[in-house]
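Report on one structure; see the data block that follows.
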Amino acid sequence: MACDKDCGKKCVGCLFDYETPVMLVISSKRVGAVFRLIQMLIIAYVIVYECWIQQNYQETDSVVSSVSTKVKGTAVTNTSVLGVHVWDVAEYIIPPQGENSFFVLTNMIVTPAQMQSRCPEVPGPTTVCLSDSDCRSGYSNVRGSGVQTGLCVNYSASVKTCEVLSWCPLENDTEIPEPALLEAAEDFTVLIKNSIHYPKFKFRKQNILPHINSTYLKNCTFNRKTDPECPIFRMGDMLEEAGEDFRNMAVKGGAMGILLDWTCDLDMKEQLCVPKYTFSRLDNKNSESDAAHGYNFRYAKYFKNSENTETRTLVKAYGIRFDVIVFGKAGKFSTVQAIIHIGATLSFLSLVNAVCDWFVLNFMEKKNYYKKHKFIHLDKMEDTDNSIGSTSYGTQ
Amino acid sequence: MACDKDCGKKCVGCLFDYETPVMLVISSKRVGAVFRLIQMLIIAYVIVYECWIQQNYQETDSVVSSVSTKVKGTAVTNTSVLGVHVWDVAEYIIPPQGENSFFVLTNMIVTPAQMQSRCPEVPGPTTVCLSDSDCRSGYSNVRGSGVQTGLCVNYSASVKTCEVLSWCPLENDTEIPEPALLEAAEDFTVLIKNSIHYPKFKFRKQNILPHINSTYLKNCTFNRKTDPECPIFRMGDMLEEAGEDFRNMAVKGGAMGILLDWTCDLDMKEQLCVPKYTFSRLDNKNSESDAAHGYNFRYAKYFKNSENTETRTLVKAYGIRFDVIVFGKAGKFSTVQAIIHIGATLSFLSLVNAVCDWFVLNFMEKKNYYKKHKFIHLDKMEDTDNSIGSTSYGTQ
Amino acid sequence: MACDKDCGKKCVGCLFDYETPVMLVISSKRVGAVFRLIQMLIIAYVIVYECWIQQNYQETDSVVSSVSTKVKGTAVTNTSVLGVHVWDVAEYIIPPQGENSFFVLTNMIVTPAQMQSRCPEVPGPTTVCLSDSDCRSGYSNVRGSGVQTGLCVNYSASVKTCEVLSWCPLENDTEIPEPALLEAAEDFTVLIKNSIHYPKFKFRKQNILPHINSTYLKNCTFNRKTDPECPIFRMGDMLEEAGEDFRNMAVKGGAMGILLDWTCDLDMKEQLCVPKYTFSRLDNKNSESDAAHGYNFRYAKYFKNSENTETRTLVKAYGIRFDVIVFGKAGKFSTVQAIIHIGATLSFLSLVNAVCDWFVLNFMEKKNYYKKHKFIHLDKMEDTDNSIGSTSYGTQ
């Protein structure tokens, strides 16, 4: 750059020309103060925000995790349909695998001894009929219970509905048992096993901390104050922490989140890297539309009777689905990261001059004097170079 | 910096020395234009790209979501094996829980009354035999159906195969029913309930919008034009939107994705934050290898016959797996973010001078004149300082 | 800026004033060398780190994937409870759907013919009793097997325990079969079908590569050396690669991860974008507490006996859960990205001068001479401008 076209071989020397701007030094407390202040602010920002809060000097990795859950507890129900019945894990946990998402049965409508046959539809706007002409043989309403046979038969003494081919007798889910049949589920406990892995840092840990022995594990229950490290959670407690009422939620069901936060600063001691447990309701409880309220699904147990024809017990299961959600971000010092981030924010310093110049040249009473020395106006000396070149500093 | 070694106590004053570069002002339309132009470009870039498109002034959070699904519909099949059979949700949805991934049975091969016993293998390259010597007792081929007994027995009048200990009779899945048995599944509907949560912004919402009442919900079906907010989707419609043919896919099965995009700008009105529904096939339909084509699995229903021996009905289930995939990113104005990003991009402005200098000093006819004033060559005045120091501006 | 207050209309012209700093050119090999060196370092950093390693010139997208799995294999067990029994996929894979997470049964404790009735608790610290007074009618211990009837009955000749209402007889899981009953699972294979999608780049691919034909697929087994592209994995091989012993793990179960890494540089040929398979144990094998060791759950098969009362076969299933974890990040050249990143790092160059100045003005023997010319001290010429303005360079 600093080399004329006609300098030929000398150009190699240019490589070693070092250019540095000529600086005007203004010794003014006022300006200096502003200048230093802004510099301080930026350096403070770099230290406080970039380093301390954001820890941008670290490289991060996100968690890889494996969860397994095991629910414990039994409940007894006494219903007309089932009589006295004891419910254990194998029966009320669906699916049974104990993965990170499990459903706890809390309420149900049981329809036993269903068989493939014909029966009158449950009365409703689309199913009530007066004569066979109101029913279309072979038609199956997507919101109905089966395929219409075309007949209009008595549902009750007063009501006639279209006959359908289906699993009969049909389920009647008009009223939900209240209080919930398995309210006792409030006392059930779930053991959560969670192993996490930060691949980039070869860091492995599990929520069952090394110092927890099996005897403690057999008897403890999580409690934020007394047992914050016990990985066994009582259903009722979890809902309470989430601000929900178990007895209330048990009736129509819902979805709960068990959140494990594994955010760790691996520059610290490993012992400090422990999961934070939080609980929150995932579905929307105050839903305006009943149709969208609660959590339930239907499943069936299939049997064959003595005549070898298939029968089934249909269960409309209401309950609480628990999702174990593991998340987190680990950070560790990284030279590269540090250089990039610190450097990037230092380049802010270049902005300081802009601000100060603006201040100096517009708001100081000596501003014109400063301008005169800061700026060298070329346009004022078109004619000859040498003479004016020098006097420019004098006269302007 | 601007302070000599021997300035001793004066040095404190240095703190308030403000240094600002001496500038050469070139009043030339040509240069000025280039200069301003580049400045404009960068500022435009900051505004358009950084702010408008990327919205880098926002801090973002990613969605936490909870999904539950409920399928409705019934279908009737009439097969030699099962006779007339009505299929309802409890039977054709696997698993029944109604989580974010559910499988709809559309086609099947049923093998009833299987029992632990011995029977000839299904003929195949590895199973056909001529004499017992071709079969190894106790050997179980990983791709076979059971454990060989060592005998070679008649599969049919013409073919002999190794006898195996297994659930007999063995399933014969050589031909798949076509058209699919549960083609009626095309009319099934699924209600998708999705509650989302942006923790950082304490923002909660569900796909069933507040103004949707339950009566509407009972009768509506999603339609991009007429009912874009109805969360009830007809199977056939979803596949159609994804450009698939239901009747075709129903035969061998496949995997579909129901995507909910919750990307929201929370600086806007909350009402504007609604999910966008899209549908796409997840598996590869035009798979070159049959083995990898479609979607199917086997499950069994277990019974005990009058002699109290276990029998089962094996079902090879073909069908469509629907995965509800919720994603999204919410943004909200953040002062810190704004400062960082705007500042960072402003530091680009420092590059403008580099470009302009290069232009001015190489492509303007007055370039040598400009150079003369821009650069002060020290090397040309090694001998004495005082004199040359001043004249340097004059002579060079 | 370079325009005086009183320049009125001329100010428009100011728009075209171009300001460029006046530079001091120091032709010194020493300084020049340092200067160029630092420049080189930064440019090298940009090229090597930003471009080559980090590929920051690319815009990235993360993978959307769909996985389905199919396990093959049969095993035979001969136990007192079940007699000779052949296990096939429909029986040992739970759940059967073949999703991205599946459980392979390797060991079990079977309790057949359970019925709702009364039986003595399994002896334990909380269940052993001497008289009825030790048992509370209606009380159900969360870690117990049922609801106490209030009676204290003989469990064995020597031990008395509280009687409970439950599924009787109770399971006795004190000793686990060793070696595992389904050790043969070591030879089972799983076919993994994985279709991935990079939405931003409209890029689709599946792990079953185009050139793989179905005949190969029918017979191959994954092997890092001989068959690195075969998507069929032998259980034993996977555990071996993960450094685990199958026979050992089969007894108490565990969790395995099958990781598919789809990281791709889409600027390269598409053929180069293939999944990398790795296997690792997800749960913590050397767990200090037995309670947290292995992987097991209970499920039941329900029957109705001739008297139409419900009976069930309870299975405590030990086994290996395989999670197929698909991850990856695709990158493609993007002009915008390139500009941002290169530009951002170039702004580092502004830091070079700071460093060099510091070097020049403090460590060169001619430093005072340089300072004299670099800095123009205004404070030394308060009185008159013209005269001193020029001589200032000479005298100071």
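Chains: A, B and C, in written order; residue numbering restarts at 1 for each.
The definition used in the following text is that a residue touches a chain if its C-beta (ideal position, glycine included) is under 8 Å from a C-beta of that chain, and two chains touch if they have at least 3 such contacts.
Not measured: the values here are computed from a predicted model.
Trainee: Taking all residue numbers used at the subunit B/subunit C interface, answer same if over half belong to both copies and different if under half do.
Mentor: Because under half of the interface numbers appear in both copies, subunit C and subunit B meet with different residues.
Trainee: How far, in degrees, do you have to turn subunit A to put its CA atoms on top of subunit C, rounded to the nearest 5?
Mentor: 120
Trainee: Once you find the CA centre of subunit B and the CA centre of subunit C, what distance in Å lies between them?
Mentor: Measuring from centre to centre gives 16 Å for this pair.
Trainee: Hunt down the residues of subunit B that sit against at least two other chains at once, touch-wise.
Mentor: Subunit B, residues with two or more chain partners: 2, 19, 21-28, 95, 303-304, 306, 344, 347, 350, 357, 373, 375-377, 390, 393.
Trainee: Along subunit A, where are the residues that touch subunit B in the complex?
Mentor: Residue list for subunit A touching subunit B: 1-2, 4, 19, 21-29, 31-33, 35-36, 49, 94-95, 101, 103, 116, 140, 142-147, 165-167, 255, 257, 280, 282-284, 287-292, 295, 297-300, 302-304, 306, 308, 312, 314, 321, 323, 325, 344, 347-348, 350-351, 353, 356-357, 360, 373-379, 385-387, 389-390, 393.
Trainee: Please give the residue numbers of subunit A that touch subunit C in the complex, ascending.
Mentor: 2, 13, 15-28, 64-66, 68, 70, 72-76, 84-86, 88-91, 95-99, 184, 187-189, 191, 193, 195, 197, 204, 206, 208, 210, 212-214, 217-218, 231, 301, 303-306, 311, 336, 343-344, 346-347, 350, 357-358, 361, 368-373, 375-377, 390-391, 393-395
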